[in-house]
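Next come two complexes built around chain A: one with chain B, the other with chain C.
The block that comes next holds the complex of A and B.
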């Protein structure tokens, strides 16, 4: 495969391929964190995760339109505002959904599955009615397009770098929130033993709502970030949902670290195989390996050891 | 779901030209009285189709919900526009055309079920519909069983020729061969990289392309790859393209993947206006560019039979009518135009046969011409496909194509190309 290429060409391709793997990794982490929090901490499988991401993307689209019409001078920085708005909008909707629907369905995992799936259909059709069935184009400021030319052959896409930084910030922030804050302590207490946590005065219903809202908010930020690399349409969220579940389940449902490790493993495997044998085959092999490992370790890569 | 019954009461609904219908209503009353000249129903309809003394009912069958709605809505709009124009011009055999619209919901069994409903329950005289090859294949046995007639608008992979379908889009060889010749002759291309989504249309198209490149022209294919539908990460294939340095990337990526692919190509430092490599696509129409963003595709070439920017009087009228009906921000892609041809070709065939009967129309298809086609001129081949010109357009930053090449002659449709299978 590398016949007739100079060493420097081959090295540059490997460098860029390494970057492609890392960039896929950060995309996976962003996709999966929101779902992992909700699934891991509350045991709720949010089938509407992809639609929350697209809500974030549409928020970005609207913000971009607003800045173009009213504040064109600040257009270069609109993306940061859009991400904050995406978080707030999705978190607010998440809290509402939890209050209206999810909280009545705890302890009925199959019913939440069905309810959130129904929610995803409703959201898709709502997008279709409001924004039209066609995909919308989200315009990006000039500085976010193009690539850094490290050498003549090595070019690093700016949007890939940007997604990486966001993924790092969110993962870091989440770690601090979960393991270094009072809220995190309470969440973990509720996960480990709900009656006991309630007995010591933790408002477990409030914790649940906040956690669901947080997960949806992160999905929104992910959706906002993905307007740089993917499409924004009523059913675009479906493209992410399978990979997202794969990563969360493979990582072990109750472990955020597991999610990150699994995202890393799957992204590296997939991007390497894509390079050597093409997209469809890479996907098939990745899925086969994941199925194989889950058969041996049904609880996922990093399961929390709890007494049942 | 019966929408937009265009009756003499003028009580019309629907998304287009509401105002114009108020006016139209008055003229329809006049038209109805003039219908005395129309041939009697028992003569023009011997098989129990939904034809009365002053109306005829047809079916529209596309996805207006689900993942394919993005693509199919343009076709629905075009078909409704054609029907309304036909009605304004006096209808078909003196009868106003009404339609029943059904939603295929992006689900192939639903398409089959709705086709059965249109044919058995509504007895429609023609069906304008289906979009993906999968939906056409699902509808096909139903249409053949009940002897209906489907007017199918999408460019597709060929290898099919049903007596119950008229294919108003291009089949694969029409779209591919001319564009590869153009790349080799005009642009001096020697090496090609074939890239597509993983389903029947890109795979068949690339099979034909590879045969043509290697066997007919003696040039080289340096890569051929497929990615699952909905795939959003193209960095690995972009690296491979950088390594192989093809002269031409021949792309048939579809749907949401398209957006991801072109955004990531752009981000990886590709500037298509430099034509190094040149990107030639058979799947990006003006509709797709709206989602991708003109700045991300500026400079790519597309091979189609129709572009919105085509410079001819038919097309000027068509674009103006389309925008008046649906809004100024509408764009019109290749398939939308092909869908617009369907009702007109049906009308021409019915009038030539002097009957709505499917069997009589079928006899008359070969040689039917349509001079008012926005793409210029088309003629139906005896294999039920259209003779049409193939054009190469270069994408501009405003999302429109500029036509840089068109074949001198009409391309003959050849759904079973010899030597390419």
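The block that comes next holds the complex of A and C.
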């Protein structure tokens, strides 16, 4: 498989593909973190998570259009506004969905799966009616174009780096929120033992809604980041959903570190193999390995040990 | 069942439901529909096989598989491979650079038939594979997952991933599988042209016959102790386990049964439609199959047939006139069936139409019930009207 490449070329292929993998990793992490906190706390699988991400992407698209026409002088900084807007829009919709639908289904996790799938169909078709079936892209501000030349052979694009930094910042922020704040303590209490958490006076229904909204909000930020490295279409979200589920399950459902580790492993494996055997086989092989490991070790990489 | 018991069953309420369905499928629809529409109904019915499998697997035993399209597709591809080989005889494919192999292989510069295509020259092997391949895969998945006590949402996600893997694999390996176009241009089955209207009508009746066969197998499973254990497992898995039953074995069994039904459905699909492609396997197709089952009523064997018919007919109807509205309707259906009527049409029927029936046919019912009670042993009496069993202790709010 390495025939015809010199050692230094192989090394730079690995470095570049590794970096391409890191961009994929950033999107995966942002999506998977949102999914993981929802699934970890409530056991709910949100099939519409990809569509929430795309909602964030469309929010960014609209914001960039707004800045282009009305505030061209501030265009360089629109992304930060867009990110906040994407978070707010998605979190608000998430809270609404939780209130209308999800909270009635907490005792039937399989049914949530179907209901959120229905939601995803509706959202997809809504995007198609509003934004058209064609993919849209945002214009990047100038400072995000170009690339760092690390060596002659290795180039790292700035937008990819930027997205990665955002992913790391969000992951760090989420860690602080979960392990260093009052809200996080309550969430972890509910995850470990819901009846006891309720017994000591934690409003678990409120925590559920906040967590669902937070997860959807992070999906929105993922969407904003996604526009930096790819174009957005009505069904772009669906392409990521299976991978993201596997990442969450593979990492161990209630472990944020596990989610990040598995996102890293899966995205790196996929993008490195992609170069040598083509996209579809790389994906098949990665998914097969993950499914195989999950069959042998269903609790995932890092399982939270709680008494059930 | 001896002769008199059989005739008594036919006048029981459940027997009448089956007769009505048979009347609809065998007499009414063939009379009122032209061959093209009838063929479409046949296509919808092939999905009823899958929905029936889901009733057993998801409704009764509580195992939600989002990858039933995989088994449907495997059955369909097995049949398609046989038909394709028959269609690519050396005489038919003389213009190819390698005559005697399917056309898409020739386009992809393959010069000989891959090894896994070889056995599909034999019709008997194909018939075996239509059921055998899906069941084998279901057994492997089921064995790996259920003996490790993986279930619920995890199982659903894994089966969905398997659907994704198979689709990507088939699309990626164009030379071996026909890629995204699938296996097309199928012509004859053992020399019998399957594209004519007469052949399609015959195939429709074969499909209905197979469907009733599967319905009776499902009913048999449901009314035995086996079916009771499946239901018990769904409600209180640990109690069943502590009573000494091997829960994993029962789960593997019902998952394989569902896979077998889906495989048969897939093979009939290929015969009726004339091609097979990865679009009937993937994530979206697989999860749509769940809604056929959910709309009919996840606990109702006959409901599966009506669910598949109604959803697919609505889909064709909408797609012809308002294609952009269909996803909204489908989404609303998913949400509605879960939130508003979790027992589907069968549940609505039981709570609104059945009391009416009782009032109308009061005398019939009085006569019918004791007959069914005396004809069989005590447990069978409890099973009366078992097509739509009312399980009092079934509560979705299990932990």
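Rule of thumb we're sticking to: the second predicted complex is superposed on the first by the 290 of 308 C-alpha atoms of A that agree within 3 Å, B and C clash if a C-alpha of one lies under 4 Å from a C-alpha of the other, contacts with A are read in each partner's own complex, and residues count from 1 in each chain.
We take it that contacts are C-beta pairs under 8 Å (C-beta built on N, C-alpha and C of every residue); 3 or more make two chains touch, one makes a residue touch a chain.
Quick caveat: nothing in here was measured; it's all calculated off a predicted structure.
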| item | value |
| --- | --- |
| Which superposed partner A:204 touches (first chain B, second chain C, both, neither) | neither |
| Touching partner for A:268 - first (chain B), second (chain C), both, neither | neither |
| First, second, both or neither for A:125, with chain B first and chain C second | both |
| Partner chain(s) touched by A:283 [first = chain B, second = chain C, both, neither] | both |
| Doubly contacted chain A residues - partners chain C and chain B | 125, 128, 238, 278, 280, 283 |
| Contacting residues of chain A [partner chain C, same complex] | 39, 43, 45, 101, 104-105, 107-115, 117-122, 124-125, 128-129, 238, 242, 245-246, 249, 278, 280-281, 283-284, 287-288, 290-291, 294-296, 298 |
| Residue numbers on chain C that touch chain A, as the complex places them | 58, 62, 64, 66, 141, 144-145, 148-150, 152-154, 156-158, 160-162, 164-165, 168-169, 171-172, 283-284, 287, 290-291, 294, 324, 327-328, 330-339, 342, 396-398 |
| Chain B - residues contacting chain A, complex | 64-67, 69-70, 73, 198, 225-228, 230-233, 235-240, 242-243, 255-260, 263-264, 266-269, 287, 290-295 |
| Residues of chain A touching chain B in the complex | 5, 9, 13, 16-17, 19-20, 23-24, 27, 125, 128, 133-139, 145-147, 149, 153, 155, 157-160, 226, 228-236, 238-240, 271, 274-275, 278-280, 283 |
